[in-house]
């Protein structure tokens, strides 16, 4: 079966509840201090795996369902009209292309992850069970290896998006030197959960480094905690949603 | 006198004000950043010391009295119906079994305690009078000593609960490597107080380590401050309750 | 002129606006994270310099003018009725006795001051102009020098209050090992200001120690900034008051 | 063409929307924790480049358009009436005089910048793209080099303002030892953005120093990120404004 062409997009509109959840995901990530005025979250289109949903260029805290735009995997907007789109939409498209298992992507500049992108002496890794998805190390994407010195650090085209996706590999998170991090999930709540706990785990690790030898989670413990936590994310999503909407 | 059988549970319902206080304790622990979407607090049944009260599996911030379930010390729910229960209810049951003096238990992943579970170079101990109940050291439970590598770190059965209770011994708190902490109290407000100040004391200790020799509380000072503070907890409970309910 | 006897206290009631300001000072100190459920603030009686005003034993956030009690300098309540009084009222009385220039006293366990009470390797001192009142060092009161090991660390009688006042000497602040700090001011807003910025300055100093040689304020700069800031405190008081009352 | 004299000021009133934006800038800087009761923000007059707009001496959180006063570059108020003016208005006037490209100035005591003013061992520099405007070092103004020991650290006359402007040079930010920082922008939102991210970048750098060699932004990356970010500031301004006004 061939996929419908772009001009048929209106015939395959995304599930309105998915669009609504994506707006909520934006609010949660702001309320939980993962994004500020910058950063974004996307979800793969539920009917068109070669498309994804992402807000127009705006602050996540203010996103409504009407602000959600559909993009193809090249980052070309299908239904943007005259709305401005994020400079870094290529992060999302290229990760969806490289990772068929990925259903949602969060890109942020959350504070505790920045140190781990700027140093080589310590790897960001799981220090408690909530960060089990991080495993025993996190790759760091160095944009200078792609374009040399003098870039604006942004993933502003498909080539850079593909390079970032390659750096991510099969992992749940990739750090971006001098910039931030990108995390992925098999569901939208899972990606939101990972965006939140990537930062928490990084903060805890920063507090622990320097106190002595650190007893991190092993690879086996990381896998076991990730599997168990997957069944608990709904509990967190409901709470985060309630709090974020109450504080809007 | 023999205890009534499980089928008589409805004949010995817990005091409604205790159930209401347990819902409030959940809100306080969230409001004071001891728990987030995860973590839980229980209280021993006021008429059945072989039973305890604990919310169904949900975020503490959202708990109401209708969400409270009665469990026996094996962690078997008496009146759960089709409601989902916490994976780690065995923490509570086994501590109530091992420690007849304990009336309430708080389990959390509060941030400042995680470093002290991950290192062996420093013990979590009382650095100011509000943390006197911590004394001069805090045991660390290492789940690998029970089940080896590859667990999900959770206290998901009675054997692990009993091992944790053994690690706790006669103390007020036990750290859980890569996971969090569990604190106990002789009253519900005391356990809540200890959950809050375990984290505060840990944070203060993290800020002080590395600045030079630290003049901690002695064992005698820890005991004296604990005795004095026991008479002051009501003042804090009223304030925490007022604030937590106002911010819901 | 002889002072009226205690039984005449009702004939010399404190200015209601002073009582109202003391309730507001309680709210500000809570809102600015200087006190939590514990800690207290007093003001010298405006008509009776041998008396002072202090709330009954309760959380500062909840204090209203009706909760304010008059005490003599021995810490004996004049008009408490059956209301419970703070265990540490002797901090206030003995400082008012020793320091005729002092009009208000704040006692807190604010977090950033605790490390400086627990170590001898660094002195708490002014690192920016807002902390100029701290000067080039801060005394640390060690209760073990008065009562040996095993105390509950509290200033629970006049002898301990006098020892603390002696440790304070002519300074604006004294640290209390394993306990907290006490600051004084020539006006109620000044004492509140100092309670707030003692903690801020301590936090900034904690962030700076270890980065290299620190260029602190000199004694002359401390004095000059203190003199200038005295004229600016009203601006802060109005803002703190507005915010604290809005968030109640 | 000669500029109108001061007595003509009423004939060249500033654009009311600029005045309104300056009030909002005050609220944003408070809401984002850049200023507390102290600190100030100004904007160059839109019709009179030799004048600037600044609030009367008050807490930024409480500023309304009616509180905005016009000053000439000497810091002389044109329309203050009997309203009190900021002691440090000379920061603004002298920078506008020295830097024709500057349209707005923020002066703050934001917490994370204080350490970098007190030490010489590390320079405040860009650690992530949002702080690109900081470049590879930040000058530190040492008031002792102008007036010796014993000052109140404030920029309280034109000579000190000119010395600060000289220390700033062509940069976006200057640290002030024992005091705070001053940042400039080509628009009011840009200066606000820089006030916020100067502090965030400083905090991130404090968390990273000591972990190993730090891979900072290069000069070329600083310039490229600054150019790109200039086009994104409107997005942040709208969000900050919405949040600050909602929380007033």
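A, B, C and D label the chains in the order they appear, each numbered from 1.
Just so we're on the same page, a contact is a pair of C-beta atoms (placed from the backbone, for glycine too) under 8 Å apart; a residue touches a chain by one contact, two chains touch by 3 or more.
In this text the structure is predicted, and so the values were computed from the model without any measurement.
Colleague: So which chains are sitting against chain C and chain D at once?
Modeller: Neighbours common to chain C and chain D are absent.
Colleague: Give me the C-alpha superposition rotation for chain B onto chain C, in degrees, nearest 5.
Modeller: Resulting rotation angle: about 90 degrees.
Colleague: Using mean CA coordinates as chain centres, what's the gap between chain A and chain B in Å?
Modeller: Comparing mean C-alpha positions, chain B is 33 Å from chain A.
Colleague: Could you grab the centroid distance between chain A and chain C? Build each centroid from C-alpha atoms only and quote it in angstrom.
Modeller: A distance of 47 Å separates the two centres.
Colleague: If I count partner chains per residue in chain C, which residues reach a count of at least 2?
Modeller: In chain C, 210 touch at least two other chains.
Colleague: Once you've mapped the touching chain pairs, tell me: line, ring, star, complete or other?
Modeller: Drawn as a graph, the chains make one closed cycle, so a ring.
Colleague: What chain pairs are in touch here?
Modeller: A-B, A-D, B-C, C-D
Colleague: Residues of chain A touching chain D in their complex?
Modeller: 36-38, 57-59, 61-62, 87, 109, 111-112, 114-115, 117-122, 149-154, 177-180, 206, 209-210
Colleague: Given the complex with chain A, which residues does chain D contribute to the contact?
Modeller: 126-130, 132, 200, 203-204, 207-208, 210-218, 220-221, 223-225, 227-228, 232, 235-236, 238-240, 242-243
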